[in-house]
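Naming follows writing order (A, B, C and D), and every chain is counted from residue 1.
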Amino acid sequence: MREITLSKAVNEAIAEEMRRDSTIFLMGEDVAEAGTPFKVLSGLVEEFGTERIVDTPISEPGFMGLAVGAAMTGSRPIVDLMFGDFIFLVMDQLCNQAAKTHYMSGGKLSVPLVLRTNLGATRRSAAQHSQSLHALVAHIPGLKVAMPSSAYEAKGLMKTAIRDENPVVIFEDKLMYNDKAPVPEEEYLIPFGEANILREGRDITLIGTSSMVQVCEKAADMLAEQGIEAEVIDPRTLVPLDEDSLINSVKKTSRAIVVDEGHQSYGITGEIASRLNEKAFYYLDAPVQRMGAMDVPVPFSPALEDITVPTPERVFEQALKSVKGELFHGA
Amino acid sequence: MREITLSKAVNEAIAEEMRRDSTIFLMGEDVAEAGTPFKVLSGLVEEFGTERIVDTPISEPGFMGLAVGAAMTGSRPIVDLMFGDFIFLVMDQLCNQAAKTHYMSGGKLSVPLVLRTNLGATRRSAAQHSQSLHALVAHIPGLKVAMPSSAYEAKGLMKTAIRDENPVVIFEDKLMYNDKAPVPEEEYLIPFGEANILREGRDITLIGTSSMVQVCEKAADMLAEQGIEAEVIDPRTLVPLDEDSLINSVKKTSRAIVVDEGHQSYGITGEIASRLNEKAFYYLDAPVQRMGAMDVPVPFSPALEDITVPTPERVFEQALKSVKGELFHGA
Amino acid sequence: MSRNSKKSNDEAYVRMYQQMVRIRAFEDNANKLYLAAKMPGLTHMYSGQEAVAVGICEALKSTDKITSTHRGHGHCVAKGADFKEMFCELLGKEEGYCRGKGGSMHIADQENGNLGANAIVGGSAGIATGAALSAKHLGKDDVTVCFFGDGALGQGLLYEVMNMAALWNLPVIYACENNLYGEYTKVEEMAAGELTARAKAFGIESHIVDGQDVLAVNKLSQDLVARARKGEGPFFMQLNTYRYHGHHVGDINREYYRPKSEEELWKTERDPISNFAKWLLKEKVLTEAELNQIEKDVQQDAKDAVTYAEAADYPDVSEVTLHVYKQNQGEGASQ
Amino acid sequence: MSRNSKKSNDEAYVRMYQQMVRIRAFEDNANKLYLAAKMPGLTHMYSGQEAVAVGICEALKSTDKITSTHRGHGHCVAKGADFKEMFCELLGKEEGYCRGKGGSMHIADQENGNLGANAIVGGSAGIATGAALSAKHLGKDDVTVCFFGDGALGQGLLYEVMNMAALWNLPVIYACENNLYGEYTKVEEMAAGELTARAKAFGIESHIVDGQDVLAVNKLSQDLVARARKGEGPFFMQLNTYRYHGHHVGDINREYYRPKSEEELWKTERDPISNFAKWLLKEKVLTEAELNQIEKDVQQDAKDAVTYAEAADYPDVSEVTLHVYKQNQGEGASQ
């Protein structure tokens, strides 16, 4: 199968959907001629014109608001938010308006929009351009949250997001834009709420989101060398969450580590670990472990930044401890 | 001891601190002559004048930003945010600026400010005036988060918040403003990061935040009638979190329920439950249970709204199940 | 009072009169429900500002859109809503416009183009502008009116979207209802400079109009809506008006922020309904008897709707998890 | 070039010239570090805009505050920062102004009143206005200058805080550096209407000045700063200028959004440094030799600082959890 970059996969997904459905348009900063600073959208304006690939002023709350109104009235906007860190700017329009409109109107109005943005540290971009803020939106009912972990997922989840009748936030890993993966030429969609088991194993379950899926896979390779079979699972969407697949895996392996690039405290790992603890409690041979980013603003200095996020080595070590029963009474 | 309302307690805390330290000022919408719509600040403008009790335009992002700059330059602002739901509007200034400034400047700048706001549903205020959004800010390193559960805590935590050198967000339960509790005439402060054990017990630990402390206490009364001794703990601050007290309690009781009024998914309960599971795993006789608000926008209709939040009855039932060992394999 | 009248316009005059009377009647009944502790929560009365909503909405077709505010009953009625569904919504009943889930602050009436009230001050400015962008994108000639109060001028969102509306010539009209107060604070304490200058800064054509004069409001609206429909938008209108009640129904003792004499003045000399009634009589559009009949019919309508709503059912508790997400084609039950 | 000169001002002229040369030298070295892959991340060059930062900061005392932007090196140098700590910061070293934690986009120099660069466009408008409010509250006569680009006019926050600054007469000056582009988009595609009208809307006195003419910038700044200090603020300045490099160091092929000829024009005919050098020669403030010596000294200074920074240590890994919270009196280790 051909291999394409994550960037190209996103581009294809949007182009295909825009060809299919003329109600779709995309807006954001420098999305047209510039094709975004990451060049993810290059070529789209040439095909679809500036009426459908719309350059906006630097007004994130404003164009997020426009998208809500457009979505309520028959259009299907895709909003491009240049950095995930700017989500703080659009929270009101996203969480007080988009997320609640369908419910507040008793089902009469709906807001089919996609907010595409990114996450990921270690790009030396410092505290305001490196955050992984998906936990914030996952907490708000009414929003769906997708976390592609490769070019394949990026395309399939984006197409599903665009066709969804609800507001969907999709976080791409900005460090993976140039990573290639096999992506079929034929059309495919990846349904929301279906986890992907990347690798089967019986000793421990490694649950990774987005950028952390690769980390888990590498850790699994290292564990394999020690004769330990790790199962690697990617939930793919946080909302809806395919709880069953995660629980079934843990029932089989009796051990789990949840790895995510958002800050650890009050984030994704706590939710997933809690559900496993609640629903697979009597199967567990060790406490479910969590590995999120450190609870610190992302530092600029490479010497510091690199230690703030989970690495294959550290997941490997933690898994080893868990399997060897060294996790008595916790960390 | 005299009893005063939570509203009065907050008012006293602010007045006392403003008398002590002239660098403190307070700003927000209708805080001066109106004393806020909840009348919490009545009388302050008469004592401190409009230079220190400042009515602002309806510009939450703007005055939050002003507070950050004022705090960086020697003032100690208190920001009044009329409803907790408006926190979405100030997220950028709060989370990208206030929370990160001390760290990003390598410790040179600091942002000693207090953001006081509220939480709580069942006031028939619908989806945009009823949210309990403390999980969002608890996830952001650099912010401290206080959750007073009575007039006593409201006063002691507010005074500590005002003296803290960091940005502190304090969520008051808007349904408790008229609830009275014993509050000493003498000055006192409640340190951050110290949980309060309201009631000792050996059978199950009920951990409640803010409004849910009362709910846990009522549930404990009901359990007592059944001969079950519940321990009730209020963490009082989410950041820093007094993990040790919570863990020690659970080590003693072997069972726990975490009750919080924020949405259950990706919120507070997941974090606290996970920490207990990680660190008291081998002491647990049943999975730690979580009871948050339903994952739905808060509905207006009383018929619906009342079932979205945990009640004493439901906590009681859940505790009973847990103690009776009915939680095999979870919910 | 302005005069753009011809007998051929009588129908419109009568309709505007009726609609204003309907708004006033709706609010009086809502207030009664609140005082009788029959209404959950609080509500914000539109009484006094009727000419604004009615003068503007009379210039709109039903596919044109409006966005509304926390003080939204007037806009809702003016855009064509029924009392029954409105009162049901205010009481949290299943037959309400939003199945009781929205209540007063989120009342919406999609079929008549009302995209909803909003409990975030200024929060609908983006929605309105987006609806206008959508119309342009989809090749429809619908116009959107964004209602908001003087207080909403404090919100930065408004400036962001006015800029985009101006850049892209969107068919949106910003209707700023200056009722002199935002909650308990005077407009001049909240807003520096001239209000209209804030739209002119983006090159948006701006107008000030007497918001108590339904004909003046309607005349300007007709003109601007027609021009917006032709692609000459956006526009900004400042409508000077006054709210008769407190900021919300619970705001009773308000002399500390505005004098009773001021309230009296507006109510007696500038009431949009009685002044328009006088004009209708003078111009012989309606007789005293006809005016009374309208009043009587509207009152009866309101009374019936209240009675109906009081007796109506609450939504079933199972509805609490319904409508969090819209079901996609081929999907099972709502997630 | 404007002329408010007397020989008694020579010291200031020389200082301004030096500071502009220092900024240019700093940027040239930063660019080299980037091209040599020695600098982590990206950075935004200030070259071309030197007269803005220098003309303004020369009018400030060191307790006056500034807030800066993602394109912040120039403001930092102009407000009095040292090369050594600046280069250390750019390289993520412990001796940097922010102990390597902030980097280019968050460089701050509290001792000289620089409250920091900011990676959120428009994000410092609140901070600057708040610093001005603070000065008023604490009875200090400090003035704050808020630097921001034309692109930041898209952010609603700016309008919210300008309104408050105007309402409360705060000692803040909004300095809008109009360099014709926000990233890869022309200002006229992002901003409807006149830029200064956006401040005038709030009754704020606004000025347009040639941002390539350091004397013109300084003259206006002296005047406005003095008046702001007396309580006559706020003010708004639009400074017309140009950035020589790409939006950031990685933005090399930029002909799709701006022609090379335009860049050439600005660099050859409107360069703030060489034009000011000519003026200094003409007015006999400095000789050719003196100009060269300044250039040489600055280059040496920059070179030494780069060498120092390259050899300097990274912060110890234990620092990663330091400064998340400031320690309170009587508290143990940082939480």
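Just so we're on the same page, contacts are C-beta pairs under 8 Å (C-beta built on N, C-alpha and C of every residue); 3 or more make two chains touch, one makes a residue touch a chain.
Because the structure is predicted, anything quoted here is derived from the model rather than measured.
Asker: Could you pull out the chain whose C-alpha mean position is farthest off from that of chain B?
Answerer: Computed centres place D farthest from chain B.
Asker: Could you tell me which pair, B-C or A-C, is linked by more C-beta pairs in contact?
Answerer: Higher contact count goes to A-C.
Asker: Between chain A and chain B, what is the gap in Å from one C-alpha centre to the other?
Answerer: 29
Asker: Averaging over Cα atoms per chain, report the distance between chain A and chain C in Å.
Answerer: Spacing between the chain centres: roughly 40 Å.
Asker: Roughly how far is chain C from chain D, going centre to centre by Cα mean, in whole Å?
Answerer: Measuring from centre to centre gives 46 Å for this pair.
Asker: From the C-alpha centre of chain B to that of chain C, how far is it in Å?
Answerer: 36
Asker: Which residues belonging to chain A are in contact with no fewer than two other chains?
Answerer: Answer for chain A, listing residues that touch two or more other chains: 56-57, 59, 61-62, 85-86, 89, 92, 96, 103-104, 126-128, 141-142, 294-297, 299-300.
Asker: Can you list the residues of chain D that touch 2 or more other chains?
Answerer: Residues 98-102, 106, 118, 120, 123, 153-157, 160, 163, 167, 189-191, 324 of chain D touch two or more partner chains.
Asker: In their complex, what parts of chain D are in touch with chain A?
Answerer: Where chain D meets chain A, its residues are 40-42, 92-93, 98-106, 118-123, 151-156, 182-185, 189-191, 256-257, 314-315, 317, 319-321, 324.
Asker: Contact residues on chain C for chain A in the complex?
Answerer: Residues 65, 67, 96-102, 106, 108, 110, 115-116, 118, 120, 123, 125-135, 137-138, 142, 144, 156-157, 160-161, 163-164, 167, 322-328, 335.
Asker: For a test of understanding, state which residues of chain C touch chain D in their complex under the given definition.
Answerer: The touching residues are 153-160, 163, 166-167, 189-194, 197-198, 200-204.
Asker: List the residues on chain B that touch chain A in their complex, please.
Answerer: Residues in contact with chain A: 85-86, 88-89, 91-92, 94-96, 99-100, 103-104, 126-128, 135-136, 138-142, 238-239, 262-263, 265-271, 273-274, 277-282, 284, 286-290, 294-297, 299-300, 327-331.
Asker: Chain C touches which residues of chain B in the complex?
Answerer: Touching chain C from chain B are residues 29-30, 33-34, 37, 55-59, 61-62, 85-86, 89, 123-129, 294-297, 299-304, 307-308.
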